[in-house]
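Working notes for the structure below.
Note that the chains are named A, B, C and D in the order they appear, and that numbering of residues resets to 1 at the start of each chain.
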Amino acid sequence: MVDELILTVFRANLDLVQNGLVIHTWGNVSGRDKDSGLIVIKPSGVKYSSMKAADMVVLDPEGNVIKGKFKPSTDTPTHLLLYKTYPSIGGVVHTHSTYATAWAQAEKGIPPLGTTHADHFYGEVPCTRKLNSDEVNENYELNTGKIIIERLGKTDPLVVPSVLVNGHGPFCWGLDTEEAVYNAIALEEIARMAFYTVLLGKNSGIEKELLDRHYNRKHGNKAYYGQVKSK
Amino acid sequence: MVDELILTVFRANLDLVQNGLVIHTWGNVSGRDKDSGLIVIKPSGVKYSSMKAADMVVLDPEGNVIKGKFKPSTDTPTHLLLYKTYPSIGGVVHTHSTYATAWAQAEKGIPPLGTTHADHFYGEVPCTRKLNSDEVNENYELNTGKIIIERLGKTDPLVVPSVLVNGHGPFCWGLDTEEAVYNAIALEEIARMAFYTVLLGKNSGIEKELLDRHYNRKHGNKAYYGQVKSK
Amino acid sequence: MVDELILTVFRANLDLVQNGLVIHTWGNVSGRDKDSGLIVIKPSGVKYSSMKAADMVVLDPEGNVIKGKFKPSTDTPTHLLLYKTYPSIGGVVHTHSTYATAWAQAEKGIPPLGTTHADHFYGEVPCTRKLNSDEVNENYELNTGKIIIERLGKTDPLVVPSVLVNGHGPFCWGLDTEEAVYNAIALEEIARMAFYTVLLGKNSGIEKELLDRHYNRKHGNKAYYGQVKSK
Amino acid sequence: MVDELILTVFRANLDLVQNGLVIHTWGNVSGRDKDSGLIVIKPSGVKYSSMKAADMVVLDPEGNVIKGKFKPSTDTPTHLLLYKTYPSIGGVVHTHSTYATAWAQAEKGIPPLGTTHADHFYGEVPCTRKLNSDEVNENYELNTGKIIIERLGKTDPLVVPSVLVNGHGPFCWGLDTEEAVYNAIALEEIARMAFYTVLLGKNSGIEKELLDRHYNRKHGNKAYYGQVKSK
C-alpha cells in the first residue's frame, strides 16, 4: 500500500513540473495512506530532474521517518498539521505557481469571478493573515499550518480545497494526491483568469445562484456533471 | 457518415487541448451530421488523456442518446438549442480559454480593435446579459443557449461566430466542427491582443471601412483572400 | 537561384510558426532574388501544416505570376511596393504577432525603452497614420505600403527595419529573408518587454548616447559586436 | 580543469535558451577556473543553434585570449571586473530575460514581495543608476561593471547574486557557473511574480522576520533546507 503511494507521490511531484507549476525545487507533494495513516512526502531540496521514487520519505503522523534516506520537505510540519486536522484529506500540494503566488503576495483572496472558479472552489480562495514575528521565529512551518486552519475556520476543506498563505503561496489538497494536484492546476489557471479579469475592471464575484449551480452540478448531492459521482 | 463525424468530433476535442484552449475537462466540441441531423458530442467529465473516439455520444436533435455508453456533456442543451435555432451551423465549441473567459468574467464584449479581429468577426464579439435567479435555478444549460440567441438577435451567426456568456466563457461555432475549432482558436488570440491593447489605452474599435474591408476580403461576395471561396 | 530562394522563403514562413509569431494563416514572408529581381512569396490562405515549398509563388517586380499554381498572398502589393521603393532590402515579413499587434492596435509606436531595443532598432519603431476611407476602399494593400513608406520618410529602412501599421500589425524587413524573420522575432520580444515596462510606469526612451552606443556597437562603422561585420 | 569548464560554460549558455531566458544571441555565460584563475566565456554574436563547445573563449584575468578562435562576448569587460572585484564568485550570467529586463527598463529594483524572493535574494534586487554620457562613450562595458559594483556597495555579492543594469537588463552570478544560471532562472520568475503583484496593488516588501527566516533556512548558518549545506 505504502509502496504504491510512494510511486503516486513521486509521479505527482513530477506532474507539478510538467504542468508548469514548479521550477527549481519550489514545490512539494505528499499523500496519506488510508490504512496505515503513514505520510509519503518529497525529500527536501532534491532536484526534480534526478529525483527517484525511492527518494520519497515515509513518515508516521508525528513526523518520524519510517523509511527513506533523505530529510523530508522543509514544509513537512505544515503538511502534517493539515492531515491531522482534516481526516478527510489524502493529499497535499504546495507550489509557488506564478499567478496564485502573485495573489498571495498581494495579500488578497481570489474572488469567484466566474463559473470556472465555481466549478472547483465553493467561494473565494482565501488568503491567510500574516504571521507575527514570534510565529515566524519559532516553529515557522507549523505556524504556517495553523494560520491556514485558522483561516478556513469551519469551512469543509474539501469545499474550498486551497488557501493562499500570505506573502508566500498556495497550499492545495484533496481526497487523494491526484485530486490535490488537480486542484493545484485548477487554482493556478483560475488565479490567472482572475488577474486578467481584475485588470479589465471587474472585482466582485458572481451571484450566489450561479456559484451554487456550478459548484453543485459537479460536487453537490444531485451532481449531474461527469459519469460517476466521485464523492 | 455519423461514424466519420464521431472521429472528427473526437479529434476536434483533442485539438482544443493541443492548442492550449482547454485544461482538465474544461471544454467540449460537438458536430452535426448534415444528412441525418444527428449530433455528436463529447461525453461529460471524461479526461482527454484517456478519451477514445468510441466514447463520443450520438444524439438526435431532441437530445435522446442514439449511440454511446456515456452521458453527453452537461452543456448539451446549450449545443442543441444552437443547432435547432441556426440551421446553417454544423459545429459548436465551448471552452474556458483564458483571455476570452477573462472578458466574459469582466462582462464585456470584445471590441474590434484591429484587422485581426475584422478578419474573423464582423464587429464586436458580444457578451450576453446575466441569467436571472430563475434562469439559473431551472434549465440552466438551456437558458444559457437562450441568452446567447437573445444576444445575437438578428445577426447571422456565421458573421460573428462567437459569443461570450456572462461570467462563464465563450461559445463558438461554424459551418462544421473544424471551422468552429478554428474560430475558437482565433477568438482566444483576439481576446489576448485586445486585452493588451486596452491596457495600452485604446478601447474603441477600428473604423467601419477597415472592418468591412478586412471582413469582406475574406468572407464577402467578392472575397479575394485565399485560394477558393469557402462560402 | 530562384529555386534556392523558394526553399528559403518556404522555410522562413514555417519559422514564423515555430517562433510563435503566427497562428492559422496570419502571416507571410517574401524574398527577392538579387540577380533576377524576382520575388518569391507565400500563397494566400494556405495552411502552414500542409504547405509545401512548391506552393510558393514566384512573381516579377510588377506582380505577374512567373511560377506557381496558387494566388500569391493578399498582402503582395504591400510587399512589392516595399521592394520597389527600397533597393537595399531582400526580404519582407508580415505577421500579426501578439504584442507588436497590440501596439499597432493602440496606435502607438514602440519607444526605445532599453538596450535590447537599441541593439536592433535605431530609435522608435514607428506606427503609421490611419488610412482614410478612400485609401481603404481602393487599392487597400498598395496603400498600406504607401503609408509605411510615408511614415519612414527619409529614414534608411535598414536602420529601423520594422513599422507598425495602424490598427493592423507589423511589417518587418532586412537584407534578406532570414534577416527579416530575425527582425520580426526581435520586434515581438521588444514589443513585449516595452508593454511590461510601460505598465511598470516608464514611457520615455533611453538616452541618445546609450541608443547610439548599443546600435553602433552592432551595426555602426566601428561595430565590435560579433565575429564578422555583416553590413 | 579548464577543459571541463569549457564544457560547463558551453552547456550553461544552452541552458539559458532551454529555460526561455534568451533568444537570438541575447545573453552570455562565463565561468572562472578556481585553480588557474582563467575565465571561459561565450564568443560574441555566435548563434546558439550552431555553437560548439570548442567555440568558447578562454581568457586570462586581464582579458588576453589564451585559447579559442573567436572574439569573446562584447560584455567581457563587465564579466572580468566582477571576477576581479569579487573573489568568491565563479560564474557570471547576463541575459535580457523578459520580466527582469522590463524592471531594468523601468529603472526599478525588484522589492522582496514574497518568500520566493526571500528564498533566493536577501532583500531587494537592486537597479543601478544610469551611466552618464562619458561613461557610455568610453569603456562602456567596463563602466557597466563599475556601476554594478558601485550599486552593490558593501553587500556580499553572494547574498544578493543579481543586479539590474538600468535600461539594460540583469547580471547574475554565483559560486560557480551552474549556480549563476540557477539564479538567473530564479530571478526571471521572481521578476514575473513581482510584476503581477504590483499590478494587483502591492508594492512594499515582506517583513524583515519573514525575509530572514526564508533566506536563512536555505542559506544561513543554521540552514535546514535541503540535504547538504552548499555553503
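Operating definition for what follows: a contact is a pair of C-beta atoms (placed from the backbone, for glycine too) under 8 Å apart; a residue touches a chain by one contact, two chains touch by 3 or more.
Just so you know, these numbers come straight off a predicted model, no measurement behind them.
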Task: Joint neighbours of chain D and chain A, given as chain labels - done: none
TODO: Could you say what rotation angle superposes chain C on its sequence twin chain D, using C-alpha positions and rounding to the nearest 5°?
DONE: 90
TODO: Averaging each chain's C-alpha atoms to get its centre, pick out the one most distant from chain B.
DONE: D
Task: Same-site or different-site touching of chain A by its copy chain B, using the half cut - done: different
Task: Rounded Å distance, chain B centre to chain C centre (Cα mean) - done: 33
Task: Distance from the mean Cα position of chain C to that of chain A, given in whole angstrom - done: 46
TODO: List, in ascending order, every residue of chain B touching at least 2 other chains.
DONE: 199
Open item on the list: Touching pairs of chains, all of them, please.
Closed with: A-B, A-D, B-C, C-D
Task: Of chain D, residues touching chain C in the complex - done: 23-26, 43-46, 70-71, 74, 96, 98-99, 101-108, 130-131, 133, 136-137, 140, 167-169, 195, 198-199
Open item on the list: So in the complex, the part of chain A that touches chain B is made up of which residues?
Closed with: 113-116, 119, 182, 185-186, 189, 192-194, 196-197, 199-202, 206-207, 209-210, 213, 217, 224-227
